[in-house]
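Chain naming follows the written order as A, B and C, and within any one chain the residues start at number 1.
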Amino acid sequence: MTKTNAGNFFEDFSIAQTIEHATPRTLTNGDITLYSALFGSRFAVHSSAAFANAIGYPSRPLDDLLVFHTVFGKTVPDVSLNAIANLGYAECRFLRPVYEGDTLSARSQVIGLKQNSNGKTGVVYVRTTGLNQDGEAVLEYVRWVMVRKRDENSPAPEPVVPDLAEAVSPDDLGSAVPPLKLHAYETTLAGAPHRWDDYETGERIDHIDGVTVEEAEHMTAARMFQNTAKVHFNQFAEAQGRFGRRIIYGGHVISQARALSFNGLANAFHVAAINSGRHTAPLFAGGTIFAWSKVTDKAQIPGRSDIGALRIVTTATKDLPGTGFPTRDGGDTADNIILELDYWVALPR
Amino acid sequence: MTKTNAGNFFEDFSIAQTIEHATPRTLTNGDITLYSALFGSRFAVHSSAAFANAIGYPSRPLDDLLVFHTVFGKTVPDVSLNAIANLGYAECRFLRPVYEGDTLSARSQVIGLKQNSNGKTGVVYVRTTGLNQDGEAVLEYVRWVMVRKRDENSPAPEPVVPDLAEAVSPDDLGSAVPPLKLHAYETTLAGAPHRWDDYETGERIDHIDGVTVEEAEHMTAARMFQNTAKVHFNQFAEAQGRFGRRIIYGGHVISQARALSFNGLANAFHVAAINSGRHTAPLFAGGTIFAWSKVTDKAQIPGRSDIGALRIVTTATKDLPGTGFPTRDGGDTADNIILELDYWVALPR
Amino acid sequence: MTKTNAGNFFEDFSIAQTIEHATPRTLTNGDITLYSALFGSRFAVHSSAAFANAIGYPSRPLDDLLVFHTVFGKTVPDVSLNAIANLGYAECRFLRPVYEGDTLSARSQVIGLKQNSNGKTGVVYVRTTGLNQDGEAVLEYVRWVMVRKRDENSPAPEPVVPDLAEAVSPDDLGSAVPPLKLHAYETTLAGAPHRWDDYETGERIDHIDGVTVEEAEHMTAARMFQNTAKVHFNQFAEAQGRFGRRIIYGGHVISQARALSFNGLANAFHVAAINSGRHTAPLFAGGTIFAWSKVTDKAQIPGRSDIGALRIVTTATKDLPGTGFPTRDGGDTADNIILELDYWVALPR
């Protein structure tokens, strides 16, 4: 019996199965710095302990997406090592702040299984919970991936497709943000005057800047997240694969687009939920990421007069500025769209 | 009205205008490690808490240039996003030590404005102060940049060119260094026996080693400093620009040259002031940085018997060893000179 | 007299000579993160403070190889700046755990000298000790390097070749591991069920995954270790050298192979000793590292019922998967073997 993990195949999953993922990870100031240096995030709450303390955090909270990627990374060896594609995310909520020194672990439950008609692959749906060292949930999300079958002749399971919310309800946002001392929130330090009230549904924002990604950068980031997906790291194997290239972790694009969104959403300091996310095309090293966002909804958060929520769809592109707000319906440039991310952010009111 | 920052143009600046820059930044052990890993600095005071404590620091001070770049980075979105060139620095003094856990912010005042004769651009002079979380100044410097006008037809302001000191006076050095316990300063651990007394005015030192810079490295460094200047990051845009390449942040060259200068100046642990700095040619990824230094002055620091100051001009080159002490007057190799940095360092006596 | 260090030549070494190396280095959470992000290590003891505390460590210990490289790096300016080749390691023992905040320094003693028959070079053997801020030894190892003579006509010293152990005795293992609370060691979190008892002498394990190395990565790692060997950094000089390329620090291969070995040796959380190591071929950027291991011995550690030792030989390759357990006797692929590392690891029983 081999001692190496070759990853799970479609047959290895069953409905209600629970997986405790390996390698808990303590996140520290080292992670804050490296995450910042890889993506260039500038939200003041994550950048400055003094700013975070002034508005009511006991210490500066870790960037929500650093938390997401850390939890996600743990699931890869069990869930997606044999994945062909990461198909989607839903019902992702950030439940509790994570601080320097916290240790994160992850647990997943299989909530859906559906063999594809080709008999070679199937879709696996898991609900993953990120936990801190006290066993408290800090993050929860559903993702679904297409996974290879070990044996094409093995029988198909009864199909179960979970009923997933189109979006997280505003009622369920905000638990990762302590009550804020609004008077201490200095928009000058935060980088822009625009608070929740200043945004309108339908508004579109070009985040202007573009950032080129290098092989060393996306591999370093994925390793920081302990994400072991082979396609990101092994040029020897990928040279013989679909693209001939290493594929950049989709989460890298999410984090880069989020960092770019600072220019236009500087006070949207907290990702409160991810409603859905689609990696519509792969990104390779040398590509330049741009992003633009549309405000698709605006909601009060029950019980909170300090923060309000905006629902945002951020579109990330490669080698295509966001100036004209390009979409996948956009003819020639449809293939330049690499990410559509639908999420809620919290801003001070 | 747009919510994105397109940067200030020449017309947006006025004499005595004060700008509070965004995104305060807490510097931690993570920054110390990453800075060290990107530049390879080996000065014992910054590398070892035990060494720093032994000689009288409450904890190891952050590298002066890490402090400089962090403060500088904050000014970019307001001062130099539309800059064509970073023309110079003057009167840069390190006023107070910065330790792990300190949060830095920045404030600038416009002290000079002069439209260029072409009517398209102008020179903006700002005096920038870096502040810690207690509002204490840790750094002060003047820089001047050439900035585009928004509208060529807008009227020129009354020209004001500040009167800047040719060099910081030795009387103004040393406030960032606590009184040292000289007997505890172990030159063996520090890497060389040469103290202040061992250097002579006129002495030239080739720092020997060369270090090649990769795209991933300079972009990671600039992001760590939250420097958002577009030319460093966006290959898609730069491919159509002057050089067809991303340009490496000039401060990257300063830090690399300073790290190289350890070999010959191992006890010059503190950059006490920068008298002037010129980026005489751009550097691109793949280039190899070398450096050599000349001691141009030697001064006692009033009230300090523990440390003395050397005025140094460090010349950094690309793809040209420092062996022959090359200068911009050097014929064929003049274009290989990328930096001339005139600064004061402090050494134990 | 020059102030720069051009490195020692063969004539500069004498038997029993002791060298105190420069630049003590405080290791922090920043180093833990960056090391992890550069190599992708997933051993739970190093990754999670909660896991480490639960089993009896006062805080999470630093990765043994991070300690090794940090100590090694300090010796380079004195021992191997003029080295032609790093020939071997022996008798390497990890003596005491190293924690966040510890400051490491290094001291070496020359224990062997042998001029080569060509009269141009000689072999220098040093025993190096890594010390913490309290002067306690945390690491000890012997290495030998081939060093250039300054002058071919200088007389050869009396040859002294130290008598080195073929392997560290199991009696000498384990002092860097506190007594473990075995009941708290959760193999699910650690990533695999296999404990010491589950391995057999003779067993071979393919670690499956491959990781491509970029220039920015190996240079960043070497600088983190303050390793100044010129061949890793200076493309301008190396373009004219043997290979026309920068050579990746051999220790980079060791750390990458060790990180890959997690897949098959997930509970082998501690490198207790290195018996020998040979860098059989150079690695260059763009190469993909694979690894496989053979269990060559199995030993109880006297006085320890909590942990046992496995002697492992890990073979690392470039651009050659470990599937067929390739060796240097392997015909066509012999040149793909880049490392043979013979070491002891400790596992929970």
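Here, a residue touches a chain if its C-beta (ideal position, glycine included) is under 8 Å from a C-beta of that chain, and two chains touch if they have at least 3 such contacts.
Since this is a predicted model, take the numbers as computed values, not measurements.
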(request) Pick one for the touching-chains graph, please: line, ring, star, complete, other. (result) complete
(message) subunit A and subunit B share one sequence, so how far apart are they rotationally when you fit their Cα atoms? Give it in degrees, rounded to a multiple of 5.
(response) 120
(request) Using mean C-alpha positions as chain centres, tell me how far subunit A is from subunit C in Å, no decimals. (result) 36
(message) Give the residues of subunit C touching no fewer than two other chains, as numbers and ranges.
(response) 28-31, 33-34, 214-217, 220
(message) Could you list, by residue number, the parts of subunit A that touch subunit C in their complex?
(response) 2-6, 20, 22-26, 28-31, 33-34, 77, 101, 103, 105, 133, 214-217, 219-221, 223-224, 226, 228, 230, 233-237, 246
(request) Would you tell me which residues of subunit A are touching subunit B in their complex? (result) 28-34, 36-40, 42-44, 47-51, 60, 188-192, 194, 198-199, 205-212, 214-217, 220, 263-266, 286, 288, 290, 319, 321
